[in-house]
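In the two complexes below, chain A is the common chain; its partner is chain B in one and chain C in the other.
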Partner chain A sequence: MRAVSPSLVFRLSSRNIWRNPKRSLFTLLAVAVGIWSAMALGAFTRGLNQTLVLKAINNLTGHIKVMHPDYRRDPVVQNRIEAAGAEMLSVLDSDAVKSWAARVRVPGVVMSERESQGTTLVGIDPASEVNLSFIGKGVHDGRMLEDELDGGVLLGRKMLEVLQTDVGKRVVLMSEGVDGAVADRGFRIVGAFDAELEATERNYVFVGRNVLQKMLGIGTDVSEISLRVADGRQDDVQRALRDVAKDSLVENWETLEPLTVSMRDVQSGFLHIWNVIVVIAVGFGLMNTLFMAIFERTREFGLFRAIGMRPAMIYLQVVGESVVLLVLGALLGNLLALGTIGYFAGGLDLSRFAQGLEHFGASRIVYPILRLSDVVTSNATIIVLALLSTLYPAWRASRLEPVEALSKI
Partner chain B sequence: MARVPFGAGGGLIKNLSDNSKHPTIICESVERLYQQGDVTVHALAGVSLTIECGEFVSLCGPSGSGKTTLLNCVAGLDIPTSGEVYLIGNKISSMSKTELADLRLNNVGFVFQAYNLVPVLSAQENVEFVMELQGMSKKLRGEKARSVLREVGLEGMEHRRPAELSGGQQQRVAVARAIASEPQLVLADEPTANLDSKTSASLMDIMRKMNEDHGITFVFSTHDQLVMDRARRLVRMHDGLIESDEIQS
Partner chain C sequence: MLKLAWRNIWRHPRRTLLTLLAIAFASAVLVFFIGLQLSSYDATINATISIFNGALQIQKEGYHDSPQMRLTLDDSNKLLEEVRKVEGVRAAAPRAVGFALLSSGSRTYGAQVVGVEPEVEAQVSTIPGLVKRGRYFQRSDELGVVIGEDLARNLKVSLGDELTLLGQGMEGSMAATVLPVVGIFSSGSEELDRLMAQLPLDTFRETFSMRGSIHSIVISVDRVADVEDIEKRIVDSELLDPNQVVLRWDELIPGIKQMIELDMSSGWFFYSTLIMIVAFSVVNTFFMAVLERTREFCVMLSLGMRPGYLCRTVILESVMLVAGGIIAGMLLGALIILYFGKVGFSVPGMEEMARQFNLPGAIYPRVSLRALTDGPSVIFLTSLFAVLFPATRVWRLNPIEGIRQV
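Moving on, here comes the complex of A and B:
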């Protein structure tokens, strides 16, 4: 004798679902919406997180920075390092490093004929910044600095507004020189750059590295070396740099940008909380549906037990109904999620919230990122946990006493 | 009485040669007490009864006389408070729930007052249900189901769902389901209670024919005089006891 007939279980499970189509449809939709929200929100959150991280990395941080041990605490000209020596160059020029740049970066003041503004003076070699930082992408108005000897200055568009000046006019940059005296020099504004964040346009003023080194009197010394590494090589490169730059501080972006890391973690945390809420809602909805279905079919289960159906088969039948509902719901949820993500593949414009987004360094346009692991995790989490919530109703159904069940009206 | 299998396949009669040696049912001083609050109800107050293979027996009596409780105890669905029940030579009190379930699956058919068909299955699928649980091949159980449905006069209605059948037709499907697997015993609890007299008579004729043609033992509880008249043996119950037990001509 066969204890369980899989084809009978499947037939009963799949047909019983449609005994109460409205109820089953709502349950199916709950599962679909749950999976849709987990996948779609997950993709947008991942996209948002990536913009946060990329912006942090682009914003003169890179993946790794080498600097004077006291520079983070006090970024003045005294806290500087020597230009990269042969040992460090062997690391920086290796295949693991995509690009790198040495910069002079000190606090200073920029003055126009009308206004003055505190800022950060950044001396760059423009060619090194390509593929490394946002300034490497060029300027919006005027021209880019030609090289590290270029005597011009680049200001952000917002800074031009603050200083009430424009490309082609002159400004004075002022900072503390290496000897502790005020160091200053006049520069012609040769270009204006755009950044997604207005704060960035105010916070940085770019000049040729060599020009700034001369102005500050620091020879070939620099404030920092910033680099981008190949995927998955960050830890290796950081270790290698620490070996060759024992007197310097070598930190990765996660240490240098704690706010970004916190924002990323907070958003991921919210997503997990949302997923838990969805799973609980779907689980309880499914449990309620099954309890109602079992209550309505008590006599039927009594009949099954009376004629000799084993409890395991009743159990499998009820669980089978959940599986069919979950699979159908998951299919619908995946289709909805893929449709939503596909629709916004060109970017979700959050300009309306841009001011608010700026405060935590997010981009105005978010590109959803869907990974196979996210699809698997979203589906598996909801299906497995929802399935767990059906075990108790199924067990109850399988344990019904036939005489009592048959006497139910 | 010799038993004749249904359909072309036959072959599902389980150890008939062994089981036929025993009476189908033996009840020895069966008591079933229920506690309702502070009151103890004697649903069965010491019933002793033997039913031989191939009998066509009616349990009759007023509501609360213990007919349904006796059927439940005989089927192993309910456990007597005291006394013993032997079903086809098996002492029920010494069997596990799984063994009882298997005994019912292979040897007992049920017909209920409320038909109790599975609404999501067609008439033929309902009739095949027990045989499918038994693990019979699709082809064989299909042949048997169609054969039995033909015998109960439902040819051409194999693919209708219960909701598409009248009460009488549904009860005939229930009878077909009960007998299709060729059990030794069919227990029917008030099988005609929801049917009109003409349909009841027709159904009883079918069951009687199954009894005569296939040697299946039938035990049914009833209030219905028409049903009582068609029984060969009439067991009258009252207050949980057998009041009379007589063979009818």
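Moving on, here comes the complex of A and C:
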């Protein structure tokens, strides 16, 4: 007797699917929604995380920072480092580093005629911040600092409001000088900057680096060197910097911004849990469909068995049916997900929740990010786990007794 | 009809069971996750308002947006007394707020300086109870300052050391005094620990030339859920001058409420995909149920039964099935909540994140009516809506052709 060829099994499987198109359609849709949700919601979650990371990096952190070992715990003028020497410059100016800046950064107070506020005074070289931090993108009102010798100050827009002052007016900046006495100096407000987070607009005021160094009396010393590296070079650069800056602390953003990292972990943890839940729900639907399909074909399977088809072939037929459903559902789900992600490629505007997002440091606009690895895992988990759920119905089908099955209507 | 529906449900026990399980599973998941969300919101809200801000504050209009020294509440004693009598108010405390530079011998830092009434402050804020070294104030004219742990470390001061306070008082006057550190608190909130110094109210008023004025009345309430009613009672009682306002916690810290709304709405994005998947499964089941009974229905129709009756039977069946699934799911979900309510629910990284918001590292969910009903009711409605599609097929049946079908 001629063995039943796999191609016949496949033909039988795919024909059976269209025996009851609506039932198959609903199952297919359930699979599609499952994959769509895993991929699209995953992409938005990744996008949200990415805004957290970018924000952390743009917020004067960079990928890597070099600073005095005690500066993180106690960010004062005493804990400073020397300006980059020849050895460090050779690392900083290498191809692996995209941009870098040396800053003076100390706690201080800004006083207008009416109000005073605690803040952080940041002395910058404006040119080096261009591709490094948010302040490099320029100001909203007035002008940017021209160079590190510029005697003006940039305040955040919210800060102007709180201090009840404006561009063109003068403020006094105070901080502790290197000798422990209070150092102060008057500055003209030359520009106002916008940041996505109001907190940022209040947390920093920017002045020329050289001017601040003079005010504090620290010569050419700085508080930190922050840098942005080329893709994939972070670890190399960090190692190279540790070699040349033995007395300093060289940390990457993951260490400097633990909150961002833990937030990312929590979200991807929840995403994994959720994907499993979706898969289970899809599995129930698929199992149900297959049971029904087997039930209405009991007689047919009995006939197949009676004319000599082996149980394994029947088993394959049922599994084959679910494979076809799964693959079609997966295709549709992928298309839907790509469509959704493509539609929102220009960004999903969450301004309605701006202050809520600000609370954990995320942006108002989220760009979905689709990673190949996510596509593969979403599809693979759903297809593999859903296939597992078809094994039992398929096994039941292959175990049918021909005589009994034939006698059923 | 009930009997008919009941029998039909168990015509295919395995199919029914699987559908039931799918519904129960989805309901349980929603009950658990929503329970988790709601409990974490409660914890967030309570932690946020009990530490310093209170559930309600009375301020001069405009003070919240732009906290300026001169926007004061005057003659506040009578108002305080009256507010304390309002139903639902647990306590009310006066505060005055300023900004000053604090200098120890070697260090200078800017800080938010808050003047408090020691006797009542502990009833609106947890900070008095969080003094880890030294003690909190006893009298409101005491000469001393209580500061946050990080501020103390940054200033390199310990108990008994003197701090010089330098700031702007009312109407541009100079505020300057020297006070010993009597207590150091550790609230767990980085912002408070790094930026806050408290003074007894009378000492504050003297230093900042405030005379008898204050900036806000901070109110704690018996039940946070009632805060809107209490706000309304205060407004209706006409205790306030026209330029004085009552602000709720969600107006004082709008970020928290929006964060909760954002979390809830993004949660529902996830939930709706699950509900859709389950709804497909339910439609499928009933679609099959109707299809395989085509003959039966046709016979009944030709015997004179109205299609509406048949349709109602199918819907009744689905109501029974879905309700059964939902009840099982609610029970299961409640059990999961109870379990995690004991051991705490946590995923990697959550502890670090929670610390930032001043929360415990794990969520201990509680069973609540909302958690039990929010998700399942949506599942119920969606499923019923989905079932209408197969159920209305009854009208399109052609009895003559249908009877001939096998």
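By definition in this document, the second predicted complex is superposed on the first by the 402 of 409 C-alpha atoms of A that agree within 3 Å, B and C clash if a C-alpha of one lies under 4 Å from a C-alpha of the other, contacts with A are read in each partner's own complex, and residues count from 1 in each chain.
As a working rule, a residue touches a chain if its C-beta (ideal position, glycine included) is under 8 Å from a C-beta of that chain, and two chains touch if they have at least 3 such contacts.
On a predicted model such as this, the values are computed, not experimentally measured, just so you know.
By the touch criterion defined above, A:Q164 lies against chain C but remains apart from chain B after alignment on the C-alpha atoms of chain A.
If you count the residues of chain A touched by chain B and by chain C, you find the higher number for C. Once the two complexes are laid over each other on the shared chain, residue contacts for A:R19 go to chain B alone; chain C is not touched. Looking at the shared chain after the overlay, A:A281 reaches chain C, while chain B stays out of its contact range. Of the two partner chains placed by the overlay, neither chain B nor chain C lies in contact with A:N379.
With both structures placed on the common chain, the touch criterion links A:L41 to chain C but leaves chain B unconnected. Look at A:S112: by the touch rule set out above, it reaches neither chain B nor chain C. Of the two partner chains, chain B is the only one that A:G308 touches; chain C does not reach it. Comparing which residues of chain A touch chain B with which touch chain C, the overlap is empty. Chain A makes touch with chain C in their complex at residues 20, 22-23, 26-27, 29-30, 33-34, 36-37, 41, 74, 76, 107-109, 111, 114-119, 161-162, 164, 174-176, 180, 182, 258-259, 261-266, 269-270, 273-274, 277-278, 280-282, 284-285, 287-289, 291-292, 295-296, 350, 352-360, 409.
Those residues of chain A lying in contact with chain B across their complex are 1-2, 5, 7-8, 11-12, 15-16, 19, 299-300, 303, 305-310, 313, 402-403, 406. Considering their complex, residues 72, 75, 77-78, 98, 101-106, 108-110, 112, 114, 116, 118-121, 125, 129-130, 132-135 of chain B touch chain A.
Those residues of chain C that touch chain A in the shared complex are 12, 14-15, 18-19, 21-22, 25-26, 29, 66-68, 99, 101, 103, 106-112, 153-154, 167-168, 172, 195, 254-263, 269-270, 273-274, 276-278, 280-281, 283-285, 287-288, 291-292, 347-353, 356, 406.
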